[in-house]
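What follows is a pair of complexes built around subunit A, which joins subunit B in one and subunit C in the other.
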Partner chain A sequence: MKRSVPALGQDAAPDVPVEPGAADGVLDEGALLTTVGGNRRLATELAEIFLRELESRMPEMAKAVVARDNTRIQFLAHTLMGSAASLSATQVTGTAKKLESMALTGKLAKIDAVFARLEHEIARLGARLTTFIREG
Partner chain B sequence: MAVTTVLVVDDDRVVSHLVTSVLREKGYKVLTAFDAVQGLMQAKRQPPVDAIVLDINMPGGSGEDTLKKIKMNSNTSNIPVIILSGSIDAKGQERVRVLGADAVLSKPLVPAELLSAIEAAL
Partner chain C sequence: MRILVAEDDPVTRRILESTLGRLGWDVITAPDGSGAWGILQTLKGKDAPDLVLLDWMMPGLDGIEICRKLRTTPGFELIYIILLTSRTGKEDLAMGLAAGANDYITKPFDPAELESRVRVGQRMVKLQTSLADRIKELETALGEVSRLQGLLPICSYCKKVRNEDNYWEQVEAYITSTSDVEVTHSICPSCSERMMREIDGLST
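== the complex of A and B ==
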């Protein structure tokens, strides 16, 4: 089944078709398992920690975006980028990097749209990680 | 045989857990700190740790400041430091090496690279 995600700079407009699986960039389970040397229990622990951290990180980032607090956005986006990259979650890594870059350069014209996209991608990643954990 | 102790300083709980697990699996004793202030306190403990894995971007002071303080303190200056970074350019790498970093590793972390860097630094 094909799914859609909004393109950068567009508010949750589902118009970019992507294929499911590793190639969709949501979560590359194979790459994650390679990172942890095939240790599925460790991969599951990382997924659980990531989801737990998101509970505070995303509301914090939302507040920082509303307040246009560049320093906080940059810091939170950078940390999210590192976590997501460790899980081989390419989409979230890329969008967090984009947010970090916007905050660093002060070019915030499209930041609400980029953050909306991040929220959408996080929701998809969260669903995939929950399934991954359940299947553990 | 004495156990080698590594201090992991990273505010990112996912990366910290990954690094800690990889090192413990290989028999290292691991201490953790989640910000620069905690990290510096742990670095100064006695007996000293054998190596430090340090994130470059943290609350409570940047990794560079932390590295500088570690290398300027006579009690900690000889401890090898491996820098972890999500985004560090060539100039940044050069800067932390001048400050005394033994190795600079990029995130996402590759466990084999981390283990090699620590073994080389010890």
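== the complex of A and C ==
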């Protein structure tokens, strides 16, 4: 079943359909719970930390992408990749890794498109985490 | 065992803090390399962490720089260092170990692997501490032995001994000050015989 999910911190983003579950790569809740030894409260706390961090991290990254500031893009993408990987959010992890690699090698031709994809994936992840927190 | 975790990503830092704390270790956290170095400076000595988990890429001082600083700063040489990173290349591994890290964990880490590697570190720290204590004991013992070895200048006439400060002192005082021996006075058989002869000679 497909469902509409809200954008990050919002209640509506009807244009972003999402498949729930681990297979879609948005968020593997089972793997996240394994990482924290089954502690649901800690998993919820991590989701909250991640969402809080995004509020400053994404605008900062957008600014760095516009300015083509390779060092800053690399650093921010690297940190985002670490956070997302810890939460078992494979899509965001993969795209952040791609951004980091592009910044590292200086091949920025497609960076706007990759960053747009990251924003889209972040919106989906944000929605899933918000639901996860609510269900907590 | 006290563990310092230096990790700029708050999600990973919280996971590390919780996982290691749940296993009974005393965990301190720092949000970046400079913060970690500040904590290490403050806790120098008895309260210093036994093991540090350092993220490779951090703002300010990165994990590699902290490794190098720890290995060249007196008092920190024995700290067990584990580097945390998403770099997986052989060159990266070699670079991390060359900087002074003892071990290496790639992110995202498996909690069971983290525990195992920290336990290996704990065993190493225990072993190093007991070896350091043993060496200290041996050095003390050797120091005592060396005081009783070597040439001992003794006066041929009065039998006083020249000590390390170049003063002549009674042999009893010297022995008492350089060993655990207590001196008691007595007369040996040949001296006793000689003295008796002298007393007899005086009375005749």
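Brief remarks on what is shown
Throughout what follows, the second predicted complex is superposed on the first by the 117 of 136 C-alpha atoms of A that agree within 3 Å, B and C clash if a C-alpha of one lies under 4 Å from a C-alpha of the other, contacts with A are read in each partner's own complex, and residues count from 1 in each chain.
Note that a residue touches a chain if its C-beta (ideal position, glycine included) is under 8 Å from a C-beta of that chain, and two chains touch if they have at least 3 such contacts.
All figures in this text were calculated on a predicted structure; none of them were measured in a lab.
When both complexes are superposed on subunit A, subunit B and subunit C occupy overlapping space and clash.
Touch criterion met: A:78 reaches subunit B and subunit C at once.
Of the two partner chains placed by superposition, subunit B and subunit C are both touched by A:36. When both complexes are overlaid on chain A, the residue A:86 reaches subunit B and subunit C alike. Once chain A of one complex is fitted onto chain A of the other, the partner contacts of A:45 extend to both subunit B and subunit C. Residues 35-37, 39, 42, 45-46, 49-50, 53, 75, 78-79, 81-83, 85-88 of subunit A are contacted both by subunit B in one complex and by subunit C in the other.
Residue ranges on subunit C touching subunit A, taken from their complex, read 8-12, 14-15, 18-19, 22, 55, 57, 59, 86, 107-108, 111. Within the complex formed with subunit A, the residues of subunit B that make contact are 11-15, 17-18, 21-22, 55, 57, 59, 86-87, 107-111. Listed in rising order, the residues of subunit A touching subunit C in the complex are 34-37, 39, 42, 45-46, 49-50, 53, 75, 78-79, 81-83, 85-88. Looking at the complex, you find that subunit A touches subunit B at residues 35-37, 39, 42, 45-46, 49-50, 52-53, 75, 78-79, 81-83, 85-88, 97, 100.
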